[in-house]
Amino acid sequence: MKQVELTALFARVQAGELAPEEAARIAQGFEDLGFAKVDHDRRQRTGFPEVIYGAGKTPGQIVAIAKNLRDRGAVNILCTRVSPQAAARLSDELGAELHELARAAVVAPTPIEGKGRVLVLCAGTSDLPVADEAALTAALMGAAVERVSDAGVAGIHRLIAHENSLHEANVIVCVAGMEGALPSVVAGLTDRPIIAVPTSVGYGTSFGGVAALLAMLNSCGSGVSVVNIDNGFGAGYQAALINRLAL
Amino acid sequence: MKQVELTALFARVQAGELAPEEAARIAQGFEDLGFAKVDHDRRQRTGFPEVIYGAGKTPGQIVAIAKNLRDRGAVNILCTRVSPQAAARLSDELGAELHELARAAVVAPTPIEGKGRVLVLCAGTSDLPVADEAALTAALMGAAVERVSDAGVAGIHRLIAHENSLHEANVIVCVAGMEGALPSVVAGLTDRPIIAVPTSVGYGTSFGGVAALLAMLNSCGSGVSVVNIDNGFGAGYQAALINRLAL
Amino acid sequence: MKQVELTALFARVQAGELAPEEAARIAQGFEDLGFAKVDHDRRQRTGFPEVIYGAGKTPGQIVAIAKNLRDRGAVNILCTRVSPQAAARLSDELGAELHELARAAVVAPTPIEGKGRVLVLCAGTSDLPVADEAALTAALMGAAVERVSDAGVAGIHRLIAHENSLHEANVIVCVAGMEGALPSVVAGLTDRPIIAVPTSVGYGTSFGGVAALLAMLNSCGSGVSVVNIDNGFGAGYQAALINRLAL
Amino acid sequence: MKQVELTALFARVQAGELAPEEAARIAQGFEDLGFAKVDHDRRQRTGFPEVIYGAGKTPGQIVAIAKNLRDRGAVNILCTRVSPQAAARLSDELGAELHELARAAVVAPTPIEGKGRVLVLCAGTSDLPVADEAALTAALMGAAVERVSDAGVAGIHRLIAHENSLHEANVIVCVAGMEGALPSVVAGLTDRPIIAVPTSVGYGTSFGGVAALLAMLNSCGSGVSVVNIDNGFGAGYQAALINRLAL
Amino acid sequence: MKQVELTALFARVQAGELAPEEAARIAQGFEDLGFAKVDHDRRQRTGFPEVIYGAGKTPGQIVAIAKNLRDRGAVNILCTRVSPQAAARLSDELGAELHELARAAVVAPTPIEGKGRVLVLCAGTSDLPVADEAALTAALMGAAVERVSDAGVAGIHRLIAHENSLHEANVIVCVAGMEGALPSVVAGLTDRPIIAVPTSVGYGTSFGGVAALLAMLNSCGSGVSVVNIDNGFGAGYQAALINRLAL
Amino acid sequence: MKQVELTALFARVQAGELAPEEAARIAQGFEDLGFAKVDHDRRQRTGFPEVIYGAGKTPGQIVAIAKNLRDRGAVNILCTRVSPQAAARLSDELGAELHELARAAVVAPTPIEGKGRVLVLCAGTSDLPVADEAALTAALMGAAVERVSDAGVAGIHRLIAHENSLHEANVIVCVAGMEGALPSVVAGLTDRPIIAVPTSVGYGTSFGGVAALLAMLNSCGSGVSVVNIDNGFGAGYQAALINRLAL
Amino acid sequence: MKQVELTALFARVQAGELAPEEAARIAQGFEDLGFAKVDHDRRQRTGFPEVIYGAGKTPGQIVAIAKNLRDRGAVNILCTRVSPQAAARLSDELGAELHELARAAVVAPTPIEGKGRVLVLCAGTSDLPVADEAALTAALMGAAVERVSDAGVAGIHRLIAHENSLHEANVIVCVAGMEGALPSVVAGLTDRPIIAVPTSVGYGTSFGGVAALLAMLNSCGSGVSVVNIDNGFGAGYQAALINRLAL
Amino acid sequence: MKQVELTALFARVQAGELAPEEAARIAQGFEDLGFAKVDHDRRQRTGFPEVIYGAGKTPGQIVAIAKNLRDRGAVNILCTRVSPQAAARLSDELGAELHELARAAVVAPTPIEGKGRVLVLCAGTSDLPVADEAALTAALMGAAVERVSDAGVAGIHRLIAHENSLHEANVIVCVAGMEGALPSVVAGLTDRPIIAVPTSVGYGTSFGGVAALLAMLNSCGSGVSVVNIDNGFGAGYQAALINRLAL
C-alpha cells in the first residue's frame, strides 16, 4: 500500500468513517482466514485480483476465499482447477459463471473490453480444455483473444491457412500434446513471442505430457518459452502480461 | 520476399545491373552452401539476421556461413556455442568480436542503440556464462540490457535491494542453477513477464540442471515461463521480442 | 533391557509377583503377534513408544498392535497414515483421538508439556496435512510446537513478517510442494537446522513431489536436510530429537 | 544351407576338389574365430553379407572378421561405428573405402546399381553423420538413395519445396535431433512409410536424443516407426528391405 | 484436390447440379465441425479415409465425425480407442461394427479383399488386444492378414514351428510386452521388415511397457523398427503401407 | 548489522578513525567484487564466516574472495570443492592449509577447541573423501568430531562394536554409497539424529549415488534426514548446528 | 517328448488303445485352446506343471487352462495373481485351494513332502503377500520352507536372533520394500545364495519399489541376485530350483 | 571365530608361541589398516578369502590389502576392477596373475580343481569382459566353468547347438547387453537356475545397460534372477555358491 493510500485511510478513521480494526486490516493488505491469507493488495499492485488455485482446497475453502475477495470489491475473480463439487457451490452460493471444459469459475463476472491480441493456438481436439483455460485467463486479464483450433502439424496446410493470425497477435499461446511439435513450426512462421503449453494428451511414451514438454524445451525455433504441463492458466497469464506491454 | 521487392529485383535484371543467376539466388531467399542453407531472407522478415548455432558445426562451416551472411550485408551476426577453435578462426578471418564467457562471437559488430529495458538477473557466479549469453543476445537484438548478478535466494535482502529494477524492466530474464528458486521469488515482487533459465550448475541430484528446470516449471509465482537448460540465447531472444512490443 | 531392570524383573518373579512366562515376555522386550513383533522395550530405550505406521496394515492389525501397547502401559501411541476405516475402529474400540487432516490417531492420549521450540513452517494450504502430521508428531514427542502457515516464497514479505519465529525455534520443519523453494529462503534468514519436507502438491512436472524434493536437496542455503516426500512424521520425529538436545 | 548346395558340396569333396575339413566348415555356415562366429551363410539367406558392428571390438578383431568375410568372397562388407584406429587399419590392411562422417568403412567396395528409391531426409547440419550412415547402408543394400538435408521444421517452406521427393520415394528415412518434429510434418505430406531416426544432437533436456525419440514415438502422423537414437544403420537397413519389396 | 477434380467441380456448379457453397466446401477438402476439421480430401490422397482417434473425444464428437465422413461417402471408417459408451453409440446410431478386444469400431463396414500378406505375431495372451488393433487396421487398409499368437520367446520351438509364415509375409508386426524379446528372435529368422509393438503388459519394472520398448529399440537383430507402447494401430497402418508397396 | 554496531561505526568516523567510504562499506555488510558479493556480516550473524564453494569458480576468483574475507579478519575460512589448481594457488598465495582427500582448503587456519560430539560414520573406503569433508566442516564450525570408518552393513559386527559411539554423539553423520543401507541400521541402534549422506560410489544401477539416496529417503528407521549426493559439507554444517544446540 | 515315450505312444495306437488324433495331440506336447497353448510336456521336462500367470487373463481363460491341465493329470497347479473373481470361479468350478494374501490358487491340491530347506525372510508386515507367494511357490515345487517375518534392518537384533536359520537353509528368499537393505545385512551373516525380492511397499521416493530394487542390485554383500518388484513367484521358483540341486 | 579356535589361540599364548598383541589381533578376526579393515576371519567362515573391490581404491591401498591377506596365508586372492596402474603394481610387487580383459588380478595364484559345472554364456563379443570376470570368479571359488560365447538371440540356432550344455550345468550365468533377451530364451530351454548379467554394451536407449537390465527383470521365463549391470563378479560368486550346493 502506497503512502498516499495509507494517508487517506487514516483520514477516514479520523473522520469516523472507518473503525480502526477495519482500517488496520486494510492497511495490512491481506486478510487471514486461518487456512489462507487473502491478498487484497494484489489488485492494486498488479491490476488483477488474486487467482484462486482450486486443486487441493476444499469447496468450502474456495467459496470462502472467493466470497472474501468479492465482498472487498474484486470482480472477475478466477478460480482454476475447481472440482465439479466446488463449481456447483461457487455457482449456487456466489452466482459464479462456470467454464466446464476449462474446469474454471469466475466469481462476480463483469464485462471487460479485450485489448491488443493474444492468439491461442491448439493442436488437437483433446487439447481444448487447456486452451480454454489459457484463453479465459488472458481474457479476464484484459486481452482480446483469438482462437485457432485443430491445427496440428500432421496437416501443415491447416496451420498455414492461419498465417495472418500468427502475425497479427502480440503473443501466441501454443497448446499441444503428443509430440508437441506445433511451437517449432509456428516459430518458423512468425516473430511473435510464443508461450508453449504441453498437454498430457497421449498415451504410452507421452508419459503424461513429458514428451511434448521436452519437444518444446528443445525447439529449434527461436522465441519459444514453456510452462508446466497442462498449465493453461500460466500461459494465459503471462500472455496477458506481454500483451499489456504492447498496448 | 514480398511482391514489391521481387519487382525491383526483376527491374535490376532488366536494367542489366544484376545477372539472372544472382537475381534467382536472391529471390530464393536462402543460399545453399551444401552443408547449410543460409537464410538471407530472415533479416527482412524479422529485423534480425540468422543466428549461427555453433555446436556440432566445424569451425570451417561456421566461418563460411558467417562470411556468407556478412558478404550479403548482414551486421551483428551472432555465433553461439562456438568452440575456442571456431572463435579463433572467426576472429582471425572475419575480425569477429569474441565474448569468451558467453562462448559467443559477433561478426561485423556494429554499434546499436539499446531501447526499452531487459533485466538479466543471475543467481550465482557460476551462472554468469549463461546470463552473459542472454544479455549479449538481447542487446544485439536491440534491447537496452540491465544486469544484476549474485542475487540468489539464500540472501534475499540482496535481491530486495534491486526491487526498483524489477519494476523498471519490460521483461526479466532470470538465470539460476541448483534449486532454481529465484524466479518464484522474483514473480512475487513484480508483475513483469519472467523468462526463467535453468543452468546446469550444481552436482549430484541437480542432474545437470533438471532440478532447477523442474522448480521453474512448478513455480507458484505467476508470469513465469521457462527455456531449455543453459539456453541463455533462447531467453535473451524471446526477451528482446517482448521488449520490442513495449517500445 | 538394562541389567538393573532385568534384576528387578527376576526379583518380582522370586517374590511371586510375576509368572515366569510373563517375565520372559517382558525380558524379551517385544511381543510376537504373528503379523508383527510389538516393541515394548522401545519406550525405555528412547522415551517414546513405538509408532504404528498404518499404511499396508489392516484395521484389525493396527487396533491389535495399539491395544497391545496400551495394555502394557504406553500412552500417546501414534498411528500414522491410518485409513478412515482404521481411524473409526481405533476411535470406537480404543477411544483414540483422531487427527483427520494429518491422517493420524493417538491412542491413550495424555497431556504432555511441550518444551523447547519446534517451528513447523508451511508454504501453502494444500501442504497442511503434511505439516499437521509433523506438528502432531513433534508435540507427542515432547516438543513445544509453533505453526506458521501460508508462507510461500511467491509472497516473501509474509515470510519475513515471521522472522522472529525463525530465530526463536531450536529447529525448523519446512513443508512445501510445487517448486520447494521455501527452505532455501528460510536458510538465508536463520542459522537454525532446517528439516525440509517436500510434498506431493502440484501437477504435471511436479512428478508427485519430485520437483520439490530435488529443489530441497540442491538448496544453496546451508543447514538444510531433507526427508521423503510427504513424510511429515519423519520430519517431526527428527525435529523432536534435535529439540531435545537443546533442553 | 539348402539341400542342393549341400549336395554340390559333397560332390566337390568326392571329386577331390575340397578337403573334408574345409567342406565341413562351409556346411556349418559360419566360421569360429574364437572371439566371433563369422556368418558366411547370411549372404545366401538375405542377399547381404554380415555387417560388422565396430563398437566394442578391437581394431584387430574388426580387421580379422572383415578379412575372413572377404576371403570367402563377400563384397561391399560394411563396418559401422569404427574408431579412427580401426578405420586406418581397415584401409591400410584391406584397402577399405572409408566414410569418415558416417564412421564407416566398406571392405571390398564394388559398384552396385541402386534400384527403387530411398529418401534420406535430414533436419540439420549436425544430424549429417547419422544420415550418412543410413544412406550408405541403404545404398550398399542395393537401394537408389536420394538425399535432402537441412530441412528442419523451423523453416517449413524448405521442406515443402521438396514435396515431390516425398512422393517419389518408396520409403523415407527421416533423421532429426532436438525436438524431433520432422517425421510428424513429413507424415502429413506423404503416404510413404517413414522410418524416423532420433539423433543425440542437442543439449540440456534433449537428454542425448531422448526428447527427439519421444517426439517420434508420439507422432500424431500415421505411418511412422522409429529406431534407436543415432541408429542410421538400422534405419537404412530396414529402408532397403522395404524398398526391395517395391521392386 | 487436383486440378482435374476442381474443374469437374466447377462444371457441376455451372450445370446447376451443385450449390456454390457446397462446392466451396468440397474444394476446401475438409469440413469444420467446430471441435474438429474433418478431412474429406484424405481418402483421395491416400486411398484410406481419415481414422478417428477416440481417446479424449466425447462419444458425441466421435459419432458426429464418423457420421460426417460416412455421409460424404467414406466406408470402413475406423474409430480407435473408443470407450464402451462411444462404441455403444456408434453401434446404435451408425450401425458400426464393434471390435471389443481391439477397442475399435468400424462405421460403414464394407467387404474388402485383402492383398499381399501382413503377419501379426503376438507373444502372449495379454498382448491380444494390441495385436487385434494392428490386424484390424491392416485389414481395413487392404492387406491380407495372418495371425500367429502365443509365440513368446520362453518357448522358442512354438515360434520356429511358424518359420514359414515368417518368410511368406511382406512385413511382420511383432507384438510383445514384458521383456519384449520377440522381435530380436524373429529378426534372426527372416529378412522381412519387422514393426515391433511394445505393450504395457507386465508389472513392476515393466514400467507400463518401457522395458519392452527399450528392448525393441536396442534389438541386436536388423530390420526392426518400433512404434509407441500399445500402438497397434500405428503398426498396422505402417505395415499396410509397406505391404502395398509389394503388390 | 545491529544498531549498537552501527552507532560505534559512526563514532569511529566522527573520531576520524575511519574514512566515510570504508565505514559505508562495513555498514553494508558485504563487499562487491564484481563477480561476487562477499558477505562480511555473516560471521556476526552466525558465528561462522562465509564458506567458499569452489566449483564453477576460477582459481583467481576463489583466491580473491578468500583474501577479502581474511583481510577483514575472518579465520578458518573454508573453501570446498577446490580444484588442484585452486588449491595450489590458495596454498601459495594465502598459506592455506590443504585437505587433499576432502578437496578442501582452509585459509587463515586457527586452532579451535571442539565441543560436544559429532560422529562421522563411513561405510567404505571409497566414501572417505565425502566423510572427510563432513568432518572437516563440523570441526571448523566448532564441533568435536569422532570418526568411525569402514563400518558397512555387510559386516554388521564391525558396526555393533562401535555401539557406544552411537550413543555418545549428539548427532551422527552417516556416509554411504552403493545400497546406502547404513543409516537404517544405525537408526535402529541409537536415538540420536542422523544426517545421511549418499555418495556416488558404485557403478551401473547406483546411477551416481541415486540408489543410495533413495534408500536413505526411504529408511524404515526414524530420525534420519538426507542431504545431496556427496554433500559432505552440508551434512557437516547441519551437524555442527545441531551439536551447538546441545552445548 | 523323448524317443522312448514317443515309441510307447505309437505302440498304444497300434494296440488300439489310443485314437491317432489324441496321440498326435499328446506327441505335440501342448494343446491349443485358441487363446493359449497349454504346455503338457512341461511337467515331463521339469517335474513341475505349467504355472498360470493370472494377470491380464479373464477368469474364464484361467479356469479353462487349469481345467485342461488337471484333466490331463497335473496336480498342484499354481495360478498366480488371480483376481477375486477368478479365485472364486477356480474355487467353485475346480475346487481350487485359495491363498488370499498371496493372490494365488492351487488347482488339484495334493500333499507333497517338502525336502531340503528354503528360508523365506520378510522385512515387514506389508511385505507378507509377496513372501507368501514365494513360500507357496517353493513349497509346491517340493521345497521344505521356513518362514521368518518382521525382521527388518531397523531392529537388527531381531534378525540376528534367527542367525541359525540363515545357515541351515540351502537358499534364502529375502523380501523387503522401502529401502531394501535386508539382503545386504543377511549376506554378511551367511554364505547361502540369496534371492532378493523388492516390494512396492513404501511411498513417495520408493517409486513403487524402485528404491528397494536399486538397493538390492547395488548390495555390497556377495551372493545376492534380484528378481522383479513384487515377484514372489519368481523368487520362490528359482529358490526351489536351487534347493533341488542340494538334495 | 569359534570357541575351540579361541581356546587354541590362548593355549599358544600360554605356551609362549604367540605374543598377546598378535593373539588379540587374530582373535578380532580383522586387521585395521586405517583405510580398511582386512577380514581374515572370512576365509574360515566361507571358505573363500576376502575379495578386493579395486574401484575407488588407490593402487597403494589395493596392494597393501592384498599383501596383508597373502601374508596371513590366503591364496587365490581376487582383486576386481583394478586399473592398469594397480594391476601393474600388483604384478610387480606381489607377482599377481593378471586377467586384462576381466580387469582382474589374482594374488598368490594356486591351482584349484574345479568341481560341478557352471556355464558362462555370453551373447556377443563386446560382453566378453563381463563374462570373463564371472568365469574367473567362479573358477577361483572352486567351480568347473564351461564357456559358450557369441550366442545371441539374433541367431538362435547358435544357441540351440549348445543345448546339451544348458542341461549339464548346475547353474548358468547368462551375460548380455543391448536388449538382454538371452536369459528369456535360455530359460525356455533348461530348468537350471539362471543368473542374468546385463552389460553396458549398446548405445542410445540402452542407457548404459538399463535396457538389458529391465528385460532381464521382466523375463517371461522362470528361474531367472539378475545382478547389477556389468557385475560379472557377483554373478560368478553366486553361481559358485549354488554350484557348491550341488556337489
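Chains: A, B, C, D, E, F, G and H, in written order; residue numbering restarts at 1 for each.
To be clear about the criterion, contacts are C-beta pairs under 8 Å (C-beta built on N, C-alpha and C of every residue); 3 or more make two chains touch, one makes a residue touch a chain.
Keep in mind the model is a prediction, meaning the values are calculated, not measured.
Q: If you tally the C-beta contacts, which comes out ahead, A-B or A-D?
A: A-D
Q: With a Cα-based fit, what is the angle in degrees between subunit C and its identical partner subunit D, given to the nearest 5?
A: 180
Q: Of the pairs given as A-B, C-G or C-F, which one copies A-C, with over half of its contacts the same by residue number?
A: Among A-B, C-G or C-F, the interface that shares over half of its contact pairs with A-C is C-G.
Q: List the centre-to-centre spacing of subunit D and subunit E in whole Å, with centres computed as mean CA coordinates.
A: The computed centroid separation for subunit D versus subunit E comes out at 28 Å.
Q: Using mean CA coordinates as chain centres, what's the subunit B-subunit H distance in Å?
A: 54
Q: Subunit B to subunit F: how many Å between their CA centres?
A: 38
Q: How many Å are there between the centre of subunit D and the centre of subunit G, using C-alpha atoms for each centre?
A: 44
Q: Got the subunit D residues that touch at least 2 other chains?
A: Each of 124, 155, 204-206, 210, 213, 217-218, 222, 228 in subunit D touches at least two other chains.
Q: If I apply the definition of touch given earlier, which pairs of chains qualify?
A: Touch list across chains, by label: A-B, A-C, A-D, A-E, B-C, B-D, B-F, C-F, C-G, D-E, D-H, E-G, E-H, F-G, F-H, G-H.
Q: In the complex of these two chains, what residues of subunit D are touching subunit B?
A: 124-126, 128, 149-150, 155, 158, 201, 203-206
Q: Taking the touch rule as given, give the residues of subunit H at its contact with subunit G in the complex, in rising order.
A: Touching subunit G: residues 45-47, 51, 170-171, 191-193, 195, 213, 217-218, 222-228, 234-235, 237-238, 241-242, 245-246 of subunit H.
Q: Where on subunit E is subunit H touching in the complex?
A: Residues 123-124, 152-156, 160, 178-181, 184-185, 187-189, 202, 204-207, 210-212, 214-222.
Q: Would you pull the subunit A residues touching subunit C in the complex into a rising list?
A: Spelled out, the residues of subunit A in touch with subunit C are 30, 35-37, 39, 55-57, 61, 198, 200, 208-210, 213, 228-231.
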